[in-house]
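Here subunit A shows up in two complexes: once beside subunit B, once beside subunit C.
What follows is the complex of A and B.
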């Protein structure tokens, strides 16, 4: 029964995804078989391809885990994109000026990512807890603030002396995260992401904080009467949510790009919502979901080249998946209340 | 009973996934009788009355009525912002052209009210009316359709004793004029006092049919539970010492505001708050539980006193419905030593607590890991009460602890409250069931419009005086 419930959402989503993508390929005049072959070839066909898939997996996993944390607490954080960007900005801005031993520098830069993203999440949390501002609007709007703030800064004081675009100076090589898969761009950042997933699993299932968080999300009135400070849970969970996304931003800077660039995320923070939902908000399932979406991200380009299906079609389909899953959760929540 | 029945049910059967709600039931209602349908929760009463009304379709069997059938729901279905006459005639308004003929409508409502001896102002806004009057509106709406059969689902659940008497006077007049009345209820005293016949349901079938003239509350109760009633634990001698003191309490707003309330609850006694719902009881409970701000003083005898709370709405305020019993047993205790170990929850401890509650409260469940949502209301309440009492709190705040649960579960919950008192807890019992308060309380305080208007020791309880105070009549 439980297995069925767990699989109904994610499995249904995958089937839906395959059907929609097949339709898109047929419309584009390609046989789905060729299209999917191109997709998987592009995603898993060689060391560098696998590396790219896992780079995307890692980049999606951080914001998805952060979103799951907020969601479990009953908060819809759609500001992971901005939180990730600010985390990356902190790491990039400081990283370009840093004078520390390499390993210590890496830790400091990742911690700065957590600080930046956490700060960005905490602002929305504070607005919600203090003024009862809607967290969806607050986190969404802070995305724009983050985007334009970082753009202004890297076009101004933070712009690297030799930069050709809107970006900071490069990090000293000793702060680059070590490569995990030789022959690819994949850094050990993905191990950090997996460690976060494990820690989060432990937090949800074992800790008092996780317990309070889930109570606040599943039954706010009962939680309040159980002496749980909902306002505190609200801002802490949004801050932590942002911090996890921010670390993700910092790993992109230290692991792959080695500088901050305003174009560093093609929307990881938004696709992360789908990843979190497909993963049923369970950290370990989310790892699997992130890998699936990583394949789409990395294989999409190859598919576009050989099967003439535009890569953007994949994003359209991902958007549909978000809608379907969000609606499903909403309906489930409604029937739950109705049954009571 | 020589007359032809007004409503005949034959071989009614209805099942829902996993349960047979009604199983091969025959029932006749005769013109002029008041027929009580009683049974524990889940016995099938509501399903049967919904089938009789035609709201639910039976899987098998036949329903024959000699005229229209009316049903008054337990939860009123009124439009608060409309006037009385608008509610009574909703959907059946007399028209003049495309407009409502207000004069005719007024006349019609006045006539129906007069014919049935119900005093009411047709122009009053429903939302401002007391519960008892709202019920009259609900009743009028059905009476306007001149039903030959009238079904009443828990009609007195929200009424004060004086309103109950007036309500049954109306019902008896209706019956005398030839209406067949069926009352679904769990108040057995009312069954004996007002009904002519009673049918007892258990597990979807009618297990006993009795004339109320020749039976007793006890006999009906035994038929309901299918055996002897579990007794409530005995009241032991205690030495009451001050424990919880409430002085000049002001809190809340509007109808349920409390103004200058004084109350003392001593260790080793149960203080019962009697009153009709909506007179500030929930404000008092919220203030004592620390859920709302207040002026005045709420003081415990010693600063480290612990409080066990049984909230009024178990599904919204006390439980996380999708969670397991074990997880719910932790709720509210998540920071207590023993449950909390460092940053983690001691799951072995939580499991042991859940096991203890299951045994002490006879929680019927296939496993402690099932979501509490799947438990019956009675078993959910046992979990809530068990959790409130498991740490032996100094003060217990119980808000309608047996509301909507069956007789057996209620007796068990009441016993555990009595035992908590016996071991020296101060118990503040807020209940809308006067019988429950009379059975449990050492002292009774009557609450009306946010203040304590009367105070009785167990030794000199005057039921009639309490009833008058509850209805807002000064102690005349």
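What follows is the complex of A and C.
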């Protein structure tokens, strides 16, 4: 009975996804068979394809974990996109100038990513704690500030010699994260993401901070009366949330692109919200959800190229999944109440 | 000099207009108790639909109406999610934004066979200045509706204490659904103004966070239509300033100037500490 209820959600989501994707393919004039074949061929059809899927998985996993942390604390961090970008910018800007041994340099660059993203999250956290500024709008606005700031810097002082677009100079090869899957672009960045997931699982379930975070999110008034400093939790959790997204940005720079580019994220920070929700804010489920969305992201590109189905259909479907999953939670809650 | 000030003033009003329509949508939705974070997507789908219909019929006015209808439909979907299914409003709004932006990008490739931007379509021409004036009239009208009519009283009651409204025999969920649908229609009009008024095409990302800035304006304007409109004029000024300042200030790069409206919204959010109170049941499902 319990198992059936646990499985009904994800299964329902998958069925919905298949139906809607088929529809999007038919509208675009492709048979669903060809469309799905192209999607899975593009996502899992070979070493380099699997690598691309896991690259997207990793890029989605970082912001999704950060978002889950903030959401658990009752804070809507919609700014993972900007936090990821600033983390990547820090890593890219310093990485192009760095003179350190390779392994130390890699650690420094990832730490800089955490610093940049953390700083960006902390601004919103500080505004919320100090001025009671709405964190949803603050984090959203900071996305745009991050985008234009990085554009101004990369078109100006940070622009790499010989750069054709808005890009920094190349990182020295010493600082490139080692390849995990030979024959693909996949770096060990994904192992860092998985490590973060494990650490967060431990933090959420076994630490005082995890408990305080949940208390602040579920019952802020009770938490305050119990002596928890809500303001402190607010800015710390937004800073941590941003830091995790920022490390993600840094791994994209050091792992795959090897320089900063303002176009490096096709919306990972926003899709990460869907990933976090589909993963029910639980780090280990989020890993699985990130893989599922990674297939869609990587396969979507292939589907567009070989089956002429616009990859943007994927985003419509991701949005619908968010709506349906959130609605399902209400229906489940209502059924349980009725049963009592 | 006078010429410069006048052109800045006109540009400010033009840049404020789409923000005002979206912000009025935000006010009506939040006064009824639903935070509409989907304004951004509703603007995008309004802008896109307006262009498609104008392209198909060669009638920009029909396009404008279609944009309003598309925004209203997106608002209705959010409204159903927020009332019937009690989906978390922020989560649902985020979903709406993904659906609308993704849907427009998908449609762009299907219809115009090219990603990024549509072909040029028949636009409103100088008639769009009527919409600028209309935005301010709409603000006054909404203020009157909310403050002086029984319907407005019900909307406000719905946002403050929906249970009390229900005990008076009025369904708060129906009120909210109506309010969010109107909210979407207004955002769709703002979007159509962008694509058929200021321009004559749709391009991906053309709403550029205006729906979110409108939400900041709602808070800065203290959930009051007139206050929100004035806030939009301020944000419009910062958007207009970058065009006027470009080339005049050499030390600030153009890319950085584009961040001005967003920074202004951030400062505004932080600057009104302690002085604002949202409707008591804003964001709380009933």
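Methods note: the second predicted complex is superposed on the first by the 310 of 340 C-alpha atoms of A that agree within 3 Å, B and C clash if a C-alpha of one lies under 4 Å from a C-alpha of the other, contacts with A are read in each partner's own complex, and residues count from 1 in each chain.
Everything that follows uses one rule, which is that contacts are C-beta pairs under 8 Å (C-beta built on N, C-alpha and C of every residue); 3 or more make two chains touch, one makes a residue touch a chain.
None of these values were measured; they are calculated from a predicted model.
On the shared subunit subunit A, the superposed partners subunit B and subunit C are arranged side by side without overlap. Applying the stated contact rule after C-alpha superposition, one finds that A:41 touches neither subunit B nor subunit C. Of the two partner chains placed around the shared chain by superposition, subunit C is the only one that A:318 touches, whereas subunit B remains out of contact.
Shared-chain residue A:27: touches subunit C; no touch with subunit B.
By the touch criterion defined above, A:137 lies against subunit C but remains apart from subunit B after alignment on the C-alpha atoms of chain A.
Of the two partners subunit B and subunit C, it is C that touches the larger number of subunit A residues. Here the vertex is the CA centre of subunit A, and the angle it makes with the centres of subunit B and subunit C is 70 degrees, a multiple of 10.
Using the contact criterion defined above for the overlaid structures, shared-chain residue A:227 touches subunit B, although it does not reach subunit C.
Applying the stated contact rule after C-alpha superposition, one finds that A:212 touches subunit B and leaves subunit C untouched. Of the two partner chains, subunit C is the only one touched by A:155; subunit B is not. Closest C-alpha contact of subunit B with subunit C, superposed model: 7 Å. Remark: subunit B residues 289, 291, 309, 311, 315-323, 327, 330-332, 334-335, 340, 343-345, 347, 373 touch subunit A in the complex.
Put simply, subunit C touches subunit A in their complex at residues 37, 77, 81, 85-88, 90-92, 94-103, 105-106, 108-110, 115, 208-209, 212-213, 215-216, 219, 253-256, 258-259, 262-263, 265-266, 269-274. Across the interface of their complex, subunit C is touched by residues 24, 27-28, 76, 78, 127, 130-134, 136-138, 140-145, 148-149, 151-152, 155-156, 270-271, 273-274, 277, 310, 312-323, 326-327, 330-331 of subunit A.
On the subunit A side of its complex with subunit B, the touching residues are 206-209, 211-212, 214-215, 218-219, 221-228, 336, 339-340.
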